[in-house]
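A single structure is presented below for examination.
Labels A, B, C and D are assigned to the chains in the order they are written; within every chain, residues are numbered from 1.
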Amino acid sequence: MDFAYDAKTEELRGRLLSFMDEFVYPAEAVLEKQLEEATDEWARTPIVADLQAEARKAGLWNLFLPDAEHGAGLTNLQYAPLAEITGRSPHLAPEALNCAAPDTGNMEVLAMFGTEEQKKQWLRPLLDGEIRSAFCMTEPDVASSDATNIATRIERDGDSYVINGTKWWSSGAMNPNCAIFIVMGKTNPEAERHQQQAMILVPRDTPGVEVKRGMHVFGYTDGPHGGHAEVVFTDVRVPVDNLVAGEGEGFAIAQARLGPGRIHHCMRLIGMAERALELMCRRANERVAFGKPIAAQGVVQEWIAESRVRIEQARLLVLKTAWLMDTVGNKGAHTEIQAIKIGVPLMAEWVLDKAIQAHGAGGVSQDFPLANLWASARTLRLADGPDEVHRMSLAKRELKKYR
Amino acid sequence: MDFAYDAKTEELRGRLLSFMDEFVYPAEAVLEKQLEEATDEWARTPIVADLQAEARKAGLWNLFLPDAEHGAGLTNLQYAPLAEITGRSPHLAPEALNCAAPDTGNMEVLAMFGTEEQKKQWLRPLLDGEIRSAFCMTEPDVASSDATNIATRIERDGDSYVINGTKWWSSGAMNPNCAIFIVMGKTNPEAERHQQQAMILVPRDTPGVEVKRGMHVFGYTDGPHGGHAEVVFTDVRVPVDNLVAGEGEGFAIAQARLGPGRIHHCMRLIGMAERALELMCRRANERVAFGKPIAAQGVVQEWIAESRVRIEQARLLVLKTAWLMDTVGNKGAHTEIQAIKIGVPLMAEWVLDKAIQAHGAGGVSQDFPLANLWASARTLRLADGPDEVHRMSLAKRELKKYR
Amino acid sequence: MDFAYDAKTEELRGRLLSFMDEFVYPAEAVLEKQLEEATDEWARTPIVADLQAEARKAGLWNLFLPDAEHGAGLTNLQYAPLAEITGRSPHLAPEALNCAAPDTGNMEVLAMFGTEEQKKQWLRPLLDGEIRSAFCMTEPDVASSDATNIATRIERDGDSYVINGTKWWSSGAMNPNCAIFIVMGKTNPEAERHQQQAMILVPRDTPGVEVKRGMHVFGYTDGPHGGHAEVVFTDVRVPVDNLVAGEGEGFAIAQARLGPGRIHHCMRLIGMAERALELMCRRANERVAFGKPIAAQGVVQEWIAESRVRIEQARLLVLKTAWLMDTVGNKGAHTEIQAIKIGVPLMAEWVLDKAIQAHGAGGVSQDFPLANLWASARTLRLADGPDEVHRMSLAKRELKKYR
Amino acid sequence: MDFAYDAKTEELRGRLLSFMDEFVYPAEAVLEKQLEEATDEWARTPIVADLQAEARKAGLWNLFLPDAEHGAGLTNLQYAPLAEITGRSPHLAPEALNCAAPDTGNMEVLAMFGTEEQKKQWLRPLLDGEIRSAFCMTEPDVASSDATNIATRIERDGDSYVINGTKWWSSGAMNPNCAIFIVMGKTNPEAERHQQQAMILVPRDTPGVEVKRGMHVFGYTDGPHGGHAEVVFTDVRVPVDNLVAGEGEGFAIAQARLGPGRIHHCMRLIGMAERALELMCRRANERVAFGKPIAAQGVVQEWIAESRVRIEQARLLVLKTAWLMDTVGNKGAHTEIQAIKIGVPLMAEWVLDKAIQAHGAGGVSQDFPLANLWASARTLRLADGPDEVHRMSLAKRELKKYR
């Protein structure tokens, strides 16, 4: 047992921390300004392209992808502390490094399950940051945490598949540069519970695809990240070659995609919580009320100490989960992946709430990043399945041990 | 001791409940539509004027004002259950009845402390719903919960007062129809701690007044309510007659204004929590996951029961506080006003969080009112002084009993 | 709506508060001493008899019994604030006034459902404080919150009933002076769900009754209150006249008994919480750490403020519940009785936990009453049905409103 | 970074797990029986001696002592998972292995700071389990978390030191076999804040030592562990050679002792929480209410999942802390030691509370170990300094980073 990062991780951490100081943090104010002046609320701001150029130069590109052929070839355990650092500036750093959801998960799907042709057409430009992508899974009319509920149909018709259904929370899809959608639907509705689904590639400009509107998250549109779209598919016809892997394999692909997706979110949440704690400390040191800095108030001290205790515990569980994924595989790390999915967003939400409170009314406003971060953390208690579903599932495995 | 509403209250409750069913709830969808089509994001939507006309017809107008000459002459205890009902649709009902903050508090100040001339010029059109008003107290650079921190200066110069300072969170001030600002500042910075401040009337169109920008609340601008403005006052000159009461009386006026203001917020929060509980129950009955309605899930049942228990307790404390204000005065009800200021927003936030969770990802979006209501409730843990300041103050009085 | 106690209540409160000051609080140290010297750990201490004599003189006797023929004839609303006061010294005051569980509930059962003969033989000496009684309902082998689980059998055999079964948590039954047991069992196991049970009177000295052992509550035996016994009934034979009301009426009697029983517990819990808050304040004022009284620590102030807020809310809900029981009956107050059963023990537990923490290690010990009170409050989250059962039941009624 | 235990740890874990199954768990019922029949409530029960004999045979003896000369020579990281396992049966296993507080800490003090003579006289018999010891630090009249408050005096008088003062919570001291007390007091009250104290060895039979009474913990006396004594020292005279290290070094010794002491407590708490979770799962699988096992109730599933999530996080932080102590020393691990002192008792308390609730009324009684374990966990929020003091101290270091 050893709690020190390995040499490669330490080297990359050092490089990334410098990159954050030199490029990312100074870019935050630029982003705000460009957003105010933007004509298309859904497009990426120019600053992101600038940062991407610097990141490539610095050798900080596609770090998320364990596949050494296409990505950086890092283990989950090596990537985790890097993703954490990007979480400190989550509206800029992940995209700067081409490590932002949902593109990361989509690239992993293509790298693992894509044909050579699919890789050439879609994976390559994604790896190069030329296009963006969306993942269309959740549906408005059913509880999507239960995959058997999915109502979208993918029906074979000659050399085509025909897709009908409505998806929402397709993150990034409002972005005009988002060129390709990976859509989950049922090809075999009569098959066994987890053999009914498939995934298929749908170019954005296919007839019958309607990107209808952006969903809000507590008043935020998340515009610069391409928002969260409701997308309607009406008799959308694509060639059979667009299928990812085979019919009935959609659930397995989703599982393969969701494990890393969930841990990436959790890694970044640790960084968000660290940022919040730093801001809370700075504010507490500077702000004076009733004759002394609020850092001298016992209640604020409690928040700070409790934040530190919670962050440390959460980080370790994320790191152990990454290690398990590396050593025994995603399936063997199932309990831990669920555990961090349950615990880490709640932790980050708690720390952010306290940091907001320490900032007074400014904390809920656009003058600090806290309220926006809070909304992201809160939403992750629902994204990829609500906490309650994960708790139920984890508990059942625990109960089985003693039956 | 008697827990039944009196006859007058019951009659008004009946009338208001019908008004909600007939006019307000159906108007919610209209509001959404008008907001999408609005050209000025800060202006009131036409539907509000329609509702106001109906409310006047129904005799549901200015219910908040205990002063029978200008308002409905209700006690706080009679008004509380009515304000609660308006809280069920807080973006429409309070304004429909001309009972929305900050106009209510401003009208109370004018009714209590205004000269005949001030009443004629500003109170009359406010009572008639012809103009709106703002209350400029909080400042960005200081912890405003400590009134001695206020930096805005109101300096006598001949027959004028000259005002310099920056305010923010001046709710309603982004609305072009918001004609009059009540501004708090220091006239006597060398006087005793609570004798330094004054309040002064500043018409919006006075030279030197700059309504600079709207503050966001978790991504929401609260546009249709006139937003929350940052307002800069630079050498703003108004006649000495614009002073409300005298120099040094600003703190006392603020206290007189804040007591009712806080309880009105709390009354409406009860209604917001009731609305959330209703929506949570409806959703739980309708939504199916893993083969049964989520109403059958033990965890959701816990949320519902706990919500009911918390709402009932909070309502009773609000009602008792209203009764105390009526019988022993705002000063005698000081502890209870602080107690509801501490307890009720937290209660409403908790119920809303659970209702959101029961709605899945939809809960954080614009498709349900819950996320927006949540943001309001959360913000009330900061508005009019953060919880921590009220807890500290309440505790000190409690500790004194045993010294 | 009126939040003032009526004149009779105020008069009795005054009298009881004097009684507490003059007799009860000074007796607490005497109790401790007599307990140390006691030879029978299950017997009442002599100080209780002394207090009872004083209480009768002061006209503070059997206040709990609404029946004016046998008791004080107070409404629930009048009794509630008195029971609260006794809760401030719960190991002495309730017994001093002959208002201690389980005798109170048993007397109510006898007063409401007993025959003249049963009243003469058992109610009279209970009213006079000459004997004590136990209520034998809960069973070790089944979840007793579901009454249909009860396994004890009461079988007719000629002019007798024969009882077989095992009960536990029969409070008071370890006391040698506890002369009569009211036992719940099934007479009609094949009848409809709530028509299967009956209650029967079993004198302690009936052959086949074995009072086996006292159950502990977190290390406490509650000896001076007669403990909490496990009682085994083996072929216990009593005359048919010992049945309370008729066969199959046990569930209805239990319901009639539990409503007032639950509210009495809650009333006393309010008093316990008030006592804890008082002790916390006194300690905080007196104890110095790191150069200032802990009363000046922000965290302790938070505990105190939050305690006051929670106590006030809980008290009002208890009072409203009492009022509902008086005006619409126990059945009409069903939701509120469950609500206080859920909310009040948790509130008291929370306040007591903080008071303990403020007392340092002394707080968990015998040197302060706090740990013992905490154990009582904690246990009331389980007694008369665990919180979870009440929440489930309350939620189902709430959900029904919107189906 | 590597989350696997090393080979030595795995081997010892295997051996210890077998020992638990073969000897410790079966001994729990024996302990209960021997306690009931015991004539001296403060003496060790015979079963402990039996287990100790087996443990020595199994090579599971003095594992806690990193000093390879006297102990097992394990690192903290190697010992941590073993201490966790003993925490599953905390009333038997730690003593069985001669790894029970306060002897462990006292042996460490003697091994690190003792003279050869002191080691021969006291360390040797402690290592052999022949005698027991107590640590006399906390005082009833002052907040002992602030070491400068300590009032006990150790005054030089010729070749002797004379000790006057009152201590309490001297765990183990009620045990007649507890032969030696390490007493903390002030030798240099005028010196710098942390140079005032010293530690001195006081044999129990020294004239002037009065072991006055045992403190209770939520009604428990912890008799078989020698209780928690109040000890009065009146003109107690011991030779100058009894001083441990020098005058003024008491604070430094205390610090050296408390770090390992705190982490040992935390390690065992993890095991206690695991035991509670196991019992909760077993109960949930077995107990039926309302027609199904309570394992099928969503609320119970939430408790189980949440317990697993909290335990995993806490364990990792304890392990990392152990690793830090091994690699950078106790001082470098200061923040983490405080973090586990804050977080782990609260975690264990929470899990135990839920396990109790799942057991119904039985959960608070002597029929399950849960209530007793809960009392231990709760008390550790106060022992070695209340949580609030540690939070304040940790927060101040955190705040300093950003000043």
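FYI, a contact is a pair of C-beta atoms (placed from the backbone, for glycine too) under 8 Å apart; a residue touches a chain by one contact, two chains touch by 3 or more.
Only a predicted model underlies this, so the values are computations on that prediction, with no experimental measurement involved.
Trainee: Would you kindly say which chain has the C-alpha centre located farthest from the C-alpha centre of subunit D?
Mentor: With centres defined by C-alpha atoms, farthest from subunit D sits B.
Trainee: Looking only at C-beta pairs that count as contacts, which pair of chains has more of them, A-D or B-D?
Mentor: A-D
Trainee: Just how far, in Å, is the C-alpha centre of subunit D from the one of subunit C?
Mentor: Chain centroid spacing, subunit C to subunit D, equals 37 Å.
Trainee: Distance from the CA centroid of subunit B to that of subunit D, rounded to the nearest Å?
Mentor: 53
Trainee: Whole-Å distance, subunit A centre to subunit D centre, using C-alpha means?
Mentor: Centres of subunit A and subunit D (C-alpha means) sit 43 Å apart.
Trainee: Using the touch rule from the top of the page, what residues of subunit C touch 2 or more other chains?
Mentor: In subunit C, 297-302, 388, 391 touch at least two other chains.
Trainee: Taking the complex as given, what residues does subunit A use to touch subunit C?
Mentor: Listed in rising order, the residues are 297-302.
Trainee: Across the complex, what residues on subunit B touch subunit A?
Mentor: 138, 140, 143-146, 149, 168-169, 215-221, 287-290, 294, 297, 299-300, 357, 360-367, 371-372, 374-375, 378-379, 381-383, 386-389, 391
Trainee: Give every residue of subunit B touching subunit C within the complex, in rising order.
Mentor: It comes out as residues 1-6, 9, 77, 277-278, 281-282, 284-285, 295, 298, 300-302, 304-306, 308-310, 312-314, 316-317, 319-320, 323-324, 335-336, 338-339, 342-343, 388, 390-392, 394-396, 398-399, 401-403.
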